[in-house]
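What follows is subunit A paired twice: with subunit B in the first complex and subunit C in the second.
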Partner chain A sequence: MIEVESLYFKYPLANDYVLKDINLKIGLGEVVGIMGGNGSGKTTLIKHFNGLLKPTKGFVRIFGKDTREESVAYFSKKVGLVFQNPGHQIFSDTVWNEIAFALKNFGFEEEIINKRVKWALEFFNLTQYKDMSPLLLSGGEKKRLCLASVLAWNPDFIILDEPTVGQDFLQKEKLIEIIKMLITQNKTVIVVSHDVEFIWLLQPRLILISNGTIVKDGDCKSIFKDNSILEKCGITKPQLVELYDELYPLIEQPPVDVIEAYSMILKLLRGLK
Partner chain B sequence: MFWLAEGLVYRRQESIIHSLDPRVKLIISFSLFILSLFSSTIFEFIILLSAIFLLGVLSKVLRRMIKTITFSLTFVIMIFVINLLVGYDLIFSIVISLRFIAIISSSSIFFLTSSPDELDLVMRSLHLPYDLIFAFVTAVRFVPVILLDAIQIIDSQRSRGLEIEKGNIFKRIRNYIPILIPLIVQSIIRSEELAEAMESRAYGFSKKRTSYYTLHFKMKDYLILCLHLMLVVLFILLVYFLHL
Partner chain C sequence: METLTEIIRFINFSFSYSGSNSPILKNINLLIEEGDFVLLVGPSGCGKSTLLRCINGLIPHLYNGVYEGEVIVDGEPVKNKSVNELATKVGFVFQNPENQIFMFSVEKDIVFGLENIGLDKTEIDDRLSWVLRALDIEHLRYKPPYELSDGQKQRVAIAGVLAMKPKILILDEPTSLLDPRTALEFISLLKELNRKFGLTIIAVEHRIDLLTNVANRMVVMDKGEIVFNGCLKDVIENKNLNLHGVNVPPVIALQNYLRNEGFIFDAFYLNVKEFSKEIKRRLLEID
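The block that comes next holds the complex of A and B.
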C-alpha cells in the first residue's frame, strides 16, 4: 500500500514547489496510469514511491512505513521502478549478470538467484542472449531486459516510466498482457506514459497531473470523456473515444478495444436494418 | 543532486557584465584567477574575494556562484584538514582553502556570464585551430547534460538496491562501477550520435568558417577594461610593493 499525504516537494535551493499538495492511496491489485504534460512532475512523483526523493513537507508511506525512515534499497525491494532509458542502468558483462545484479544487492541466496534469473529470462524471451553483452541487444530487447531485471525480485509494486517509447506494436500488446497477468497475481502496476492509446487499452485508474498538482484521479473512461480536463492537461483522445464521440448517442460507452468497437457497430447496423 | 548542476550552467540574463565583450570578461576573470594564485595573506584574499563577489552581484549570478562554491566545499574542507594534518599552521591552511575558493569563483565569473558561443568566439579570436575549439566548447556545453545523466543513473541503480555508501573503502569504490559504466557508454553513444548528426549537416564542408556574430570592442568595454586594469595595478602596487 502506498499512501501519499499532503506531499509538497521542491529541490534544494529551488524557489518553486515541483509537487504541491498531493494526496493519494494506491492499494494492491490496481492498474494506475499517471499522465500529464512535460515537466508536470510525473517522474518526480514516482521517485517518491521508493524513497529516491523524500518529501519536503507531508508524508509518503509504503506499507505503513515513512520513506524517511529507511533506505532506498529497503523500499525498492517492495517497489520496483523501471526507468525510461535502459542506457541509464545497463552495465554488466552479460544479460544474466544484469538481471542478477539487483538480486545480489538484496542479498538473496545463490539458489534463489539462479531460479529467479532463469524465470525472468524465459518470461521475457531473452534466454538465447543470456551470455551476451546486454549492450549488444536491440532497443526493444534492452527495454525488456530492464523490465526483466526488476520483475526478477518480485516486487509488490511495479512502476513503469514511459514503457512504450521505442517499442513496436507487438511489444506494446505483449506488455499489456504482462501487466494484466501481474494484476491477477495481486501486484500493482503504475504506468507513467504519454501514449494515450496504450493507456486506453489498459483501462487503468487514471491520475492526471498538471503543474505539480493532481487535477483528476478517477476512472479512465469518465476522464477521457471530459473534454475540459483533457485540454487543461494537454492530452489528446484515444481514437476509440473519438469514434464514440462521433457515434454518440448511438452507443452509450466508448469501446475498450477494436473487437468491442466492431461488435458495437455490428449491433448498430443490425438495428438500422 | 539536481540543484548542483545549476551552479555550473550558463543562463541567458541581462546585466552590465553579461553585455560586455567576452574578451573583456575573460581578461577580468583570468587576471583575478592569476592574482588568487599569487596571493598569500588573508587580507589579500578578503580584497580579492570581495571584488569577485562584487562582480557576482553586478552580473546577477551571485546566487549561482555561491552554489558552485557550495559544490566545491567538500574539497575545500579536505584541503584545509589535510594541510592541518600535514603540519602546516592554521593561517596557512586557511589561506590555501581561501585560494581554492578564489580560484573557483574567479573562473566561474567567465563561465557563468558567457555563453558557449561567446567562448567559441573568444577562442577563435586567439586563432586556435577550429577542431580544438569545437572539442573544447562541446565539452563545456555537455557538462550539465552529463551531470543530469549521472543523476538518472544513480537513481536507476539505487532503485535496484545499490547502496553506494555501504561497505569498506574497496567495496565503496567497486560500488561506483554500475554508475561509471553506463555513464561512459552513454557519453560515447551521445558523441557518436552528435558526430553523425553534424556530418549529415555538412560539418567541415567549408574550409574557412565565418560567423554570424563578430566581436567588437565598444566604448563600455574599453572603459571597464581600463578601470579593471587600474584596480589590478593598484592592488599589485599596494600589496607587493608597499607591503600593506
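The block that comes next holds the complex of A and C.
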C-alpha cells in the first residue's frame, strides 16, 4: 500500500512548490494511470513512491513505513520504478548483466538469478542481444530492457513512466498483456503516459494532475466523458471516445476496443437493413 | 502541374554497424521529393533511426560500419559532405532529447546554433522569440536543462532545430514525450511549415493517428527493408500493417473490419468525424 498525505514538494533551489497538497491511497491489485500536461509534476510524484524524493512537507508511506525512515534500496525492492529515459537506468556492460545486476544486489541465489534473467530476456524479445552492450540497442529495445530488469526482481508495485515511447504495436499489446498478468498476481501497476489510446485500452483508475495538484481521481470511462476536465488538463480524446461522441445516442457507451466498436456499428448497420 | 524536385535518394543502399552480425538496412531504394511529408513506421529495432542517421550524415561519418550503395541529399552524396555542412540543411530531432541539449539555459541552447551559422543579432532575436512562442516555452527561457521535465526537454530540442530553419526536417518520434494538447499543436505547426514553406519533413512516429491527417507519404519498414512506400492513403489501407508493428489507429482498423464483412465505402476515412458522418448518412439512407 502506498499512502500519500498532504504532500508538498519543491526542488532544493526552486521557489515554487511542484507538488501541492497531494492526497492519495493506492492499494494492491490496482491499475492506475497518471496523466497531465508537461511539467505538471507526474514524474516528481512517482519519484516519491520509492523514496527517491522525500516530501518537503507531508508524508509518503509504503506498506506503512515513512519514506524518510529507510533507504531507496529498501523501498525499491517493493516498488520498481522504470524511468522514461532508459539512459538513467542502464549501467552494465551486457544486456544479461544489466538484468542480473539488481538481482545480485538484492542477494538472490545464482540459480534463481539465471532463471529470472532468462525469463525476462525471452519475455521481452531480447535474448538475441544478451551478450551485447545495452548502449547499442535501439530506443525501444533499451526501454524493454529497463522493464525486464525491474520485473525480474518481482516488486509489488511497478511504476512505468511513459512505457509506450518507442514501442510498436506488438510491443504495446504485449505491455498490456503483461500489465493484466501482473494484476492477476495482485501486483499494482502505475502508468504515467501521454498516450491516450494506450490509457484507453488499459481502462485504469485515472489520476489527472494539473499544475502540481490532483484535479481528478476516478474511473477512466467517466473522466473521458468530462470535456471540461479534459480541456483543463490538455488531454485529447481517444478515437473510440470520439466515435461515441459523434454517434451518441446511436451508441450508448464508448467502446473499450476496436472489436467492441465493430460489433456496435455492425448492429447499427444491420439492425436497420 | 507542379514540378517536383528530388531532395533525398537512397540507391541500392545497405548498411551494417561494425560489430552487428547482420545488415541493419538492406537494399534500400527510396526517393523523397521536396515538400514531401513522410511518415516512417515499423517495428522497434527495424532500422528507422539508422535510416535517419544516413540522411544527416551521422552514418558514415560518426558511426563505423559497412556502407554500400549511395545516399544523395540535395544533389550530393552524403559521404562526400561533412556532418557540419549537412547540418545546415538537415534539421534533426533525436529520439532522446537529452542527446541534444548542451547549454546552460534554454535560451543559450537555442541561440548557440544560430550564432554558429553567423546570423546577426536581430535575426537571432526574431527566431528565438518565434520558437519560444511556437513551442510555448517562454516561461522556461532561463532554466537550465536539468531542471526541465522530459516533455519540456523535448520541446526545447524541437525549438532549437526549428530555429535553424532547415530545408529538411527529420524527427525521430518527436511527440513521444509531449502531452496530448501540445502534440496536436506541434503537428499543426509542422503542417503549416510544410504547406506554407514547402519544408520537407520525415517523421518516425508510433502514434500514427496524430500524423494520418497531415503526412502525404507513408513508408513502412521491417527488418531493415522497405515493405510499403507510397501515398499515405493507399498504404494505410493495407490490411497487414499491424503485422509490421504498425499501430493502426482504431478508426482505420474499424473500417478494415467492416470492409472484410463486405461493406463498401467510397473513401477511406482518416478521422473519426468523417467516418461517423458516413455511418450516419448510411443510416438515413436505410431509413
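Here is the rule we go by: the second predicted complex is superposed on the first by the 272 of 273 C-alpha atoms of A that agree within 3 Å, B and C clash if a C-alpha of one lies under 4 Å from a C-alpha of the other, contacts with A are read in each partner's own complex, and residues count from 1 in each chain.
Keep this in mind: a residue touches a chain if its C-beta (ideal position, glycine included) is under 8 Å from a C-beta of that chain, and two chains touch if they have at least 3 such contacts.
No experiment lies behind these values; they were computed from the predicted model shown.
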Inset, instruction - State whether subunit B and subunit C clash or fit side by side on subunit A once the two structures are superposed. - result: clash
Inset, instruction - Check whether A:N50 is in contact with subunit B, with subunit C, with both or with neither, and answer first, second, both or neither. - result: first
Inset, instruction - Return first, second, both or neither, reflecting whether A:G166 touches subunit B, subunit C, both chains, or no partner chain. - result: second
Inset, instruction - Please work out whether A:D156 is in contact with subunit B alone, subunit C alone, both, or neither, and reply first, second, both or neither. - result: neither
Legend entry - subunit B versus subunit C, judged by how many residues of subunit A each one touches: C
Inset, instruction - Report for A:L135: first if it touches subunit B alone, second if subunit C alone, otherwise both or neither. - result: first
Inset, instruction - Return first, second, both or neither, reflecting whether A:A102 touches subunit B, subunit C, both chains, or no partner chain. - result: first
Legend entry - subunit B versus subunit C as contact partner of A:Q89, first or second or both or neither: first
Legend entry - Doubly contacted subunit A residues - partners subunit C and subunit B: 11, 14, 85, 87
Inset, instruction - Within their complex, state which residues of subunit C touch subunit A. - result: 17, 19-20, 42-45, 49, 95-96, 98, 147-152, 154-155, 172-173, 176-184, 206-207, 209, 242, 245-251, 253-254, 257-258, 261, 263, 272-273, 275-277, 279-280, 282-283, 286-287
Legend entry - Interface residues, subunit A side, partner subunit C - complex: 11, 14, 36-40, 43, 84-85, 87, 136-141, 144, 161-162, 164-172, 194-197, 234-236, 238-240, 242-243, 246-247, 250, 257-258, 261-262, 265-266, 268-269, 272-273
Legend entry - subunit B contact footprint on subunit A (complex, rising order): 11-14, 47, 50, 52, 71-73, 76-77, 80-81, 83, 85, 87-91, 101-102, 105-106, 135, 149-150, 153
Inset, instruction - In the complex, go through subunit B and note every residue touching subunit A. - result: 2-3, 6, 67, 149, 152-153, 155-163, 177-178, 181-182, 185-186, 189
